[in-house]
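Below are two complexes that have chain A in common, paired first with chain B and then with chain C.
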Partner chain A sequence: MTAVSAVTIATRDLLAWVKRIGTRGRLIAPTPGPGGDVLYTAVSSPEEILWDFENPLAPPKQFLLPQTDPLVHIRRNGKGVAVASVPWPGRQILFNVRSCDVKAFAYLRKAQARDLSDEGYLARDDQTVLVSLACTRPCPLGFCLCCDAGPFLKDGYDLQLTPLGGRMLVEIGSAKGGELLEGGEDWFRPAAPEDLERRKALEADARRHFGAETCHFGSAMRRVSTGRVPAALWDKMADWCLECGGCTLICPTCYCFSVRDRAEDGGWTRCRIWDSCQYPAFTLEASGHNPREHRGKRVQRRFFHKVSAQYYQRDGDLGCVGCGRCIKTCLGTTDMPAVVAAIRKGEWHG
Partner chain B sequence: MPVGACESVLTVCPFCAAGCGLYLQRGGEVVHGVMPSEHHPVSLGRLCARGWAAHEASLWGHRVEHPLVRRNGSLQPATWDAALREAARSLRAVIAAGRPVGVLGSGRATNEENFMAARLARGALGTPHVDACLGGPYRGVLAGLLAGGAALDLKTALADLSTADRILLFEDDLARTHPRVAFSMLRAVHAGAQLVTLGPLRTQLSRLAVRHIPLLPGDVPRLARDLEAVGRRVPLPEPAAEAFRCLVEAKRGAVVLALSAPAADLERLARALGKVVGEARRDPSTWLLIPVPARANTRGAVEMGAVPALLPGWAALDDQSARRRLRASWECEIVAERGLEAEAMISQAGGLVVLADHPPAAALSGTAAQVALSELACLVTLDAFWTPTVAASQVVLPIVGPLEADGTFTNLEGRVQRLRGAVTAPGEARPGWRALDDLSVALGLPTIAATIGDVQAAIAAAVPPYAGAIRNGGGVVEMEDISREAVAAPGARSEEPPAAGAGEPQAFPFRLTRLGSFEWGEDPLVSGSPTLRRDYQSLKRRYPGGLVAMCPDDAKRLGVREGWRVRIVSRHGSAVTAVRLRGDVEPLVLLAPFGFRDHLEPALGGEAEVAARVEVA
Partner chain C sequence: MADLFLPRVATVLSQRDETPDTRTYRLGFRDGAGQDGFGFKPGQFVELSVFGIGEAPFCLASSPTRRDALEVTVRRTGELTDALHALAPGDEVGLRGPCGNGFDLDAAEGKDLLFVGGGIGLPPLRGLIWNVLDQRARYGRVTILYGARTPTDLVYKDELKAWAARDDVQCLVTVDRAEPGWEGTVGMVPVLFDRTELRPATTLVYVCGPPVMISFVIQDLLMRGFGEERVISTLERMMQCGVGKCNHCCIGHRYVCRDGPVFSYREIRSMVE
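Let's look at the complex of A and B:
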């Protein structure tokens, strides 16, 4: 998917446009949270939306893949059972989503479409419009540059917004995105060449202002894929992991889950719930055997999935978009850049 | 059940004493998930596995939704009025029969609930028997540190711990029990701090330490005695010498006490450590002493008066001004005598009111505690979740759970933090503070709690240091550290036991001990969570006849393998159980994880540690 066209809208007209977008589905956008955090929330008024913010710690994946995700209702029906799917709320617009998260949604869609495809997830994805807000100022811990996931996107978005000062550049990446502009013809002007030049300059400037976090995935991939990371190194790293599972639960590309039935209304609701490959019981078998009982094996598994050539070839992408959330949320020190550096150098310093 | 969450409600994690901040993600009347709060001063965007599943017990757990009264041997639904009348009648009958009644507060309950539980005991029931499970060891450690002369300032303990250069950690397994505290320790070690660990296991943190010193409960009195001799006796024997070196060499040192041992022994050790630190320190800001309470509000329960030897606010029983404040706040006369501690209460009381707890999960013998509860003439339980304690009750009063409750918790640093209810509790559940007020009214006291604001005003009046926190609206509030003025409870001093195995090394070459002081797996917040309960439940299924952990070398020497059944013999008796091989267990040590302690109780004989031998069954 590539940008087919671009328009601009004056900043003074933005809120009116967003208000109109809100009539086309559930509008979800970054808002100021009660504890000083930025949170993606369903908004009722465009005034609530933040336009200048550091990417929220909580990724927007919960709006397609909730932590508790009711899938089907099950009821007794004579001697059998009746199963009915849980309806999805319908069309939703994820607004002002940062580039890395948009890239993550593309990764999730590929993951859910592969093999036995999850039609329910794909239907949700079809009903979701992604409006990206390009990162003119990279977040301090982000390394999306290393993952081809930002600070600006080449594709994967429905709309990409870039603030140009006094006006917003709107790049249209899909028909779904184009529909959001319909009815607002008076607000939009075709982007002028100088607008596109300005966008390029902003992107180039953003690329020069990344923080200290980097991830040299290439050499790590060679080592991981060819089994050149000693078991002792994984064990050493595992001593610095407190098994919180935060790296996986907060990762915008992770999708591991368990299934549980919840009794309610005389029947059951079968739910998909977030799980983590870093929890000891994730691979615990009914026999009591656990192939990944030791934490070192679990850390190894996680990073094999994230950066190995085998998965890269299958998925066409790394399992990391460089958002830096794992650095913020890791209760130990085994975040993505730290582990990738250890794999690359063959040593761990805590 | 609606799909997806639309709103986020900021609250506090209900598990350990660190007090991490998290958002409950609500969709309709259901909490679907949690997210860490990046700007919360304690957690700074991090949660442990328990925190990440904090919503699950309320969603999947077995809830108590209606008042229940036991009739003809089974619990039957009743109205609130009928249940309260029956509870009051039964408790009065026990008192009239001349038998003691008691009240157990809880580290799972809010400050407001614990405060009202203390009023129920010392005011409405006129009994001095009020305590909270797991409060005793925390009180002992705190009192010991203060009695030793240490300055104690915990207000920024977790942040300061990250900057320590020497850390002396007494632990069972801090990375498992209190991951947020362990995180600060990782940060400190990462920055170059030297960590010395002391405990019964070679834990994750001990592997990062410059030195690990095996320390079983039986070693604690000896270590305390040796540290008491600092300045009089040279050279110090190990491990006291290592501990002393760590204490005096530090420029910015920290002692973290998170070890399970008899409360009196921990108090003595804390006193000795406090004395050494008090004498060695040159600048009060260079030392950090951190007692680690077990549960989210263990500290708050103590400070709210769910304690047998103190009044709310760490006030001594004979503190006349505290008594006056309390009488005015509670609007009743108070009993200011020393009462029974939790474990004694369970075995000696005729009637018991239990608030938001399952006491057998923390008792030395879970089975004996459960039997004692079932034999009580009157057991009244207030809980949001179904537990074996609820099942054994005569009267059950449903109260709101952690996702539904408004109130405050006090974390290990003394931060008074606000819990915000995100959803409505199921059925007829009431806030715990209201249910306790209702029960006090049924017992003849006036009501003092029409709203939670009334309870908080009463707390502010009775415990002045809490006034600021509560006036502030109970956001994330740092409170003056009232424990500094604590009055040490004159606890009974245990005689120093002989080291296990002394005098009989051939007959009993092993040291058998229980590990830990609490089994999270039996707590409804864990057992109700599909994600959290898996480990403990699978272990229970795998070892239905119990287990004893030993190191592989010992097993090899004995000729036993994983899963084999062995007989553990001590001077108290013997127990047959399965062997679990663990590389983190010291040689010649047999460990009974707390959840499996009952299987080994015939050999342990109620002691924390005993000499034993292993026979292949």
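Let's look at the complex of A and C:
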């Protein structure tokens, strides 16, 4: 707790604070959706915000990497065209984001910053404030513990909230986060030693409640990185993959995309649109050649990107934050813990 | 790079049919000044777009030593290339790039150079060949071996003749199937290996063509004593962004659009996915 400063705010003052935050940019938070779902949406009144919820199936990545993401305006201009980059709307605050998803944003930033950096994405990220809500209980399918992505975070957030009962602990992780406290001096008081003790105890308790069956990446990483997983095992693991792409679309760290021109009045907008390495046409070349025609090869690709040592060294992190969404969404069983277990044991349960 | 995805507008200056389905375009930036600022290496590619249809990667087929225009040679094979073939001089296209690593010209200095092209695989080599020929004194012997399915499918027919006529270049051409009037060699590209003097110890080989051709040419070269690091090829993958972000062209953790498309056979063989 040394580098982090922390304050507390009484629960009764929370909504007033959130209301003020809403004046600083677009406020996005978990809200009740249709059919009992929880959705991250832009909120107009703080009363809509959920404080105790199971992490939604759709991660908040769409607020930095929209499914259809306008990049370039192309406008007819006489006989020719005029092209211009599409500006990003501005500041946004992502509120009550779970630890795993906060960690995923850090991963996405690294991927966009490395090598040729996507300055457009980095500018968005700079204009985004992440307010994390620590998890005092594991969610039913989560294994963030194995990915160093929760249930509480050490860093990577702008603010981290922990409910202490009657008051909220607010840990400040960045200057951007600190700005959200400005003007609310009456609400905040420095965290007392017992507040920090309580936070520690809550984290320890949350960690104890993870099941014994978690996700052991170490040996899977070794085997995937050296190409030592037999093709027949990949094929078996892919056997119940229906090629729906769900695992990648709801994955908070997946960012594969294609580029398409969308027709509009007066021209087109060139958009980055989500794509999935699990789709057969992802690697289909104009010649008809497809290096990943077989489903097993595509499943292999997905897990190589997530857990190989090559990517771990490149990105400094696993491509998995243990949110468990792939477990929930897969109509078969080709999810992260199942695949990691199969690679370790050398056999598929199916 | 300020904006990875923002194309520059270029104009079709002229076009030339190479084969019934393949055409070479000469392109110039709309703001003429852009031409001089566009530095590239042979083997690099551009993301070329027809506005409203989309963009795709095409290798630069011209040499950086010739700055009056950029050239790409395009085979008609899908939606975008259909749209490209419908363009006429004066029409506008989008250009992003240059992308990729390109050929290492410094490494080629002083060496004998052997170019082995198949079909539509000659365009990436053509930029390198003209670069070498425009600075001829820097390199050793230059040998160009080229094969296509039929005489009709040969690209750059005039240049093949011009290269063959030079006494500082050996240029041999073969076709898989002859047509009436063809008096040259018939057979797959490796038949030409026996018609030239190969010097594995002093030569760098550049191989480009369809995957199956690359594969049997490289195996043949290895049998004839060329080292894996001396055989240089270009890989193709489905690409979207061209800047190492979209993940379409990955082989393992290597990105064909950034780490390639030029790789030595030693690098290709070490790839794990």
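Throughout what follows, the second predicted complex is superposed on the first by the 340 of 350 C-alpha atoms of A that agree within 3 Å, B and C clash if a C-alpha of one lies under 4 Å from a C-alpha of the other, contacts with A are read in each partner's own complex, and residues count from 1 in each chain.
The criterion applied here is as follows: a residue touches a chain if its C-beta (ideal position, glycine included) is under 8 Å from a C-beta of that chain, and two chains touch if they have at least 3 such contacts.
Keep in mind that this is a model prediction, so the values were computed, not measured.
Trainee: For the overlay on chain A, clash or fit between chain B and chain C?
Mentor: The answer is fit.
Trainee: Could you say whether A:305 touches chain B, chain C, both of them, or neither, answering first, second, both or neither?
Mentor: After superposition on chain A, A:305 lies in contact with chain C alone.
Trainee: Using the superposition on chain A described above, determine whether A:115 touches chain B (first), chain C (second), both, or neither.
Mentor: second
Trainee: Using the touch definition from the top, say if A:272 reaches chain B (first), chain C (second), both or neither.
Mentor: In the superposition, A:272 touches chain C alone.
Trainee: Of the partners chain B and chain C, which touch A:316 in the superposed model: first, second, both, neither?
Mentor: After superposition on chain A, A:316 lies in contact with neither partner.
Trainee: Please indicate which partner A:260 is in contact with in the superposed arrangement: first for chain B, second for chain C, both, or neither.
Mentor: both
Trainee: With the two structures laid over each other on chain A, which partner does A:34 touch: chain B (first), chain C (second), both, or neither?
Mentor: A:34: touches chain B, not chain C.
Trainee: Of the two partner chains, chain B (first) and chain C (second), which one does A:89 touch, if any: first, second, both, or neither?
Mentor: first
Trainee: For A:284, is the partner it touches chain B (first), chain C (second), both, or none of the two (neither)?
Mentor: The answer is both, since A:284 touches chain B and chain C.
Trainee: Contacts for A:328 in the overlay, against chain B (first) and chain C (second): which applies, first, second, both or neither?
Mentor: first
Trainee: Note down the smallest distance between any C-alpha of chain B and any C-alpha of chain C in the overlay, whole angstrom.
Mentor: It comes out at 7 Å between the closest C-alpha atoms.
Trainee: Looking at chain A, which of its residues have contacts with both chain B and chain C?
Mentor: Shared contact residues on chain A: 258, 260, 275, 284.
Trainee: Which residues of chain A touch chain C once you look at their complex with the stated criterion?
Mentor: These residues of chain A touch chain C: 71-72, 74, 80-81, 83-85, 111-112, 115-120, 225-227, 255-261, 263, 267-268, 270, 272, 275, 277, 282-287, 289, 291, 300-301, 304-305, 308, 310-311, 314.
Trainee: So in the complex, which bits of chain C are touching chain A?
Mentor: Touching chain A: residues 1-9, 30, 49, 51-56, 77-78, 81, 92, 94, 210-211, 236-238, 240-241, 243-248, 250-253, 258, 272-273 of chain C.
Trainee: Considering the complex alone, what residue numbers of chain A touch chain B?
Mentor: Interface residues on the chain A side: 33-37, 39, 41-42, 57-58, 62-63, 66-70, 86-89, 239-240, 242-246, 249-250, 258, 260, 262, 264, 269, 271, 273-276, 279-281, 284, 288, 328-333, 350.
Trainee: Looking at the complex, which residues from chain B come into contact with chain A?
Mentor: Counting only chain B, the residues touching chain A are 1-10, 21, 23, 25, 27, 30, 32-40, 45-49, 51-52, 55-56, 59-60, 175, 179-180, 182-183, 186, 189-190, 204, 207-208, 476, 530-531, 534-535, 538, 541-542.
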